[in-house]
Amino acid sequence: MIKDDTHHKKFQLDRIALFSDAVFAIAITLLIIEIKVPEIEHPFTDSKVLSALSLLIGKFIGLLVSFFVIGRYWLFHHRLFGYVTDYNGKLLWVNLWFLLSIVLMPFSSAFFSEYYVDGLRVPLMFYVLNICFTGYMNYRLLAVVSNPNYKLSTNLQNPKKVKFYQQRSAIAPSVFLFAAIISFLNLYLAYAAFILIPVFSFTINRYYRKHYPDFFK
Amino acid sequence: MIKDDTHHKKFQLDRIALFSDAVFAIAITLLIIEIKVPEIEHPFTDSKVLSALSLLIGKFIGLLVSFFVIGRYWLFHHRLFGYVTDYNGKLLWVNLWFLLSIVLMPFSSAFFSEYYVDGLRVPLMFYVLNICFTGYMNYRLLAVVSNPNYKLSTNLQNPKKVKFYQQRSAIAPSVFLFAAIISFLNLYLAYAAFILIPVFSFTINRYYRKHYPDFFK
Amino acid sequence: MIKDDTHHKKFQLDRIALFSDAVFAIAITLLIIEIKVPEIEHPFTDSKVLSALSLLIGKFIGLLVSFFVIGRYWLFHHRLFGYVTDYNGKLLWVNLWFLLSIVLMPFSSAFFSEYYVDGLRVPLMFYVLNICFTGYMNYRLLAVVSNPNYKLSTNLQNPKKVKFYQQRSAIAPSVFLFAAIISFLNLYLAYAAFILIPVFSFTINRYYRKHYPDFFK
Amino acid sequence: MIKDDTHHKKFQLDRIALFSDAVFAIAITLLIIEIKVPEIEHPFTDSKVLSALSLLIGKFIGLLVSFFVIGRYWLFHHRLFGYVTDYNGKLLWVNLWFLLSIVLMPFSSAFFSEYYVDGLRVPLMFYVLNICFTGYMNYRLLAVVSNPNYKLSTNLQNPKKVKFYQQRSAIAPSVFLFAAIISFLNLYLAYAAFILIPVFSFTINRYYRKHYPDFFK
């Protein structure tokens, strides 16, 4: 018997985080697969290839947005599991649902990126729905981990701190939903609304940094 | 020499689990690659893109089913390796065969999802065969780990507990096989039969929770 | 400072193995991407889809062969790193070259699987060259790890044991090379030669198990 | 509670490295996806398949270059995190930007490999820009880790050592940028310039090995 029990239990918990990391890493890297190398017709010239490349700008912006959306949720998952000290079946299942929402991202992102330059609303809605789904599962994960009855975490007893994390995780879905709604008025205004994500992040962080400096280690 | 022997041996065992996790994570994330962004013809309109999207509903249902099938087997693998304290060549090889069955899943799932809305039986059979293959290798893995001669596990001496895990791991393949058989009578009845998976899971869990509460930590 | 030096150094070594594992896991899972879901023409029937599926049998056999070729090399890497206690730049670079040969596998395998049913020799040669390249880098990795001047391993001082591992790692490339050569006489005889891999494995294992039983833990 | 605080904090730091490893591993393995198995027309002959294969030589050279560019940056990341003893939000974000530049590599590399045999300059520029972006984020990561105010590392206090790492990480972007500039004079001279990478590496290593032998463990 080469493993003792304590190492064992710790490793079982670590495996959940590492499996999630692998899913995040693959989803974030698959974003690039959806952008195909531009095919041009003979004879090949630099100006042709440049104009073919310029048609991909919309897709690169979409990749950038999705990369940081997934990246933010990874950061959140990383921070949250910093509190987790035990696990149960509920945590495992909610985590799987959360990962499902991440797995869908490369599709939603590519779908959105393909058509948003043409001002279509359906792909935007689909993308926003995906982000809201991710945000909701993120919220549920936080609820399971911080639930005192399950005894799954340490240092998360402070309800104010849980609220802080809830608010932060609600920013992206709220802004995307808001953008989706105002897209019926004006689509470009909707895209401009995305600037609210850093604005809200900054404001919430500032408020808590002032009133609860101990939340920031 | 920066590594001592005990750490070494533990890490060798952990590597098997982490390599398996990576294969699971990639297989579960590749499911989305099989769903391509719908291509529509100019001029682009929301109604066109919506109807193109609606044609993908079958594929999304397939993705959902496969995501949770793979997810369930990952949970099983995770739980099983919670008992593993040593390894031998047999465990490594059976684990590889088990992973082979997982690697095939994105193909089987996409094949099934492509044609099940048209009521074809061959893709369903192929998918069911894949799940039975996974179920069988899962069963073999449990047999190797719990075999007292190999001394590979701890806390799995209770034959009743092993039986409990065997029964649980047999649910999915049994139901899929049953569904495949009744698909010759009626294909839609076959799909409806999938509801038996949670029903059986619930019933078996309930029975053991009542009679062997210590199996649930 | 949350990390002490000893943990640090161990983790640095573990990272090399885990990074390699991830590359192995991705390469082994990408094999399935190369097999596309068969497209059939309307009206869809089971017999059409079955005959389309039967055309893929060659590719599935190719996948199976490559899955176990990569799997064997992973097992070898896993065993070898069980001896590694330190690392240097040379080990890192040889490991990278070894991983390059693994990364090429999904292509070589798909290329070979696409054309071998038609009796072409070039794809077979390409595949064999890839396996020889992997085998050679594998041999180099073993040489670096077991080199007493580098002090990178423990329990590998016995030259007979190193030889045992060398012989085992030479089986696959030798048989594939032999198969490639006799393919000029008869292609089907060449494929039949693959059966030599398990035969040689078994014979070598048996010899060493008899004369050096301590090599088998 | 199955996890103590010290293990926890260490694992949180390890997760950042392992998540990065997964992204590196996927990006380096995706390079092969961009090389498709050559399709030839019936009747299949060895000479046809050989000439189709020879058209892929440019892509294989591109894969080789990109494999070792990504591999070098992984080695750098591996070495750098050997010094990291703590993390903060800044490190997490700079690491994400660094990973973004790695995620873009399979596209840039495939784009470059597709057209460089035709002597186009735009794909070369795009590839060089990507490598400069990676080099810059690499530089920033080193700056964050070695910044004494953040207290994130140990054994990196020596400014000369930091400079050594900075110079080494600047080699690849500098040479690629230089090659891009002289590509306006002569494209083949530009490709020849890549030989400067090992030359500079060797020279810098030799200088420091002579004057600061303790930098090499």
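As written, the chain order gives the labels A, B, C and D, with residue 1 at the start of each chain.
Note that contacts are C-beta pairs under 8 Å (C-beta built on N, C-alpha and C of every residue); 3 or more make two chains touch, one makes a residue touch a chain.
Here the structure is a predicted model, which means the values were calculated and not measured.
Q: Considering only mean CA positions as chain centres, point out the chain farthest from chain B.
A: If we average the C-alpha coordinates per chain, D ends up farthest from chain B.
Q: Can you tell me the C-alpha superposition angle of chain A onto chain D, nearest 5°?
A: So the angle, rounded to a multiple of 5, is 90 degrees.
Q: Between chain B and chain C, two touching copies, which fits better, same or different residues at the interface, with half of the numbers shared as the threshold?
A: different
Q: Quick one: chain B and chain C, Cα centre-to-centre, how many Å?
A: 25
Q: Just the number, please: Cα centre separation of chain A and chain C in whole Å.
A: 36
Q: Taking each residue of chain C in turn, which ones touch at least two of the other chains?
A: 9, 18, 22, 26, 33
Q: Taking the touch rule as given, give the residues of chain A at its contact with chain D in the complex, in rising order.
A: Residues in contact with chain D: 6, 9-10, 13-14, 17-18, 21-22, 24-26, 28-29, 31-33, 35, 37-38, 44-46, 49-50, 53, 64, 67-68, 71, 74-75, 78, 81-82, 84-86, 151, 154.
Q: Along chain A, where are the residues that touch chain B in the complex?
A: Residues of chain A touching chain B: 1-3, 5, 7-9, 11-12, 15-16, 18-19, 22-23, 26-27, 30, 33-34, 92, 96, 99-100, 103-104, 106-107, 110-111, 114-115, 118, 120-123, 126.
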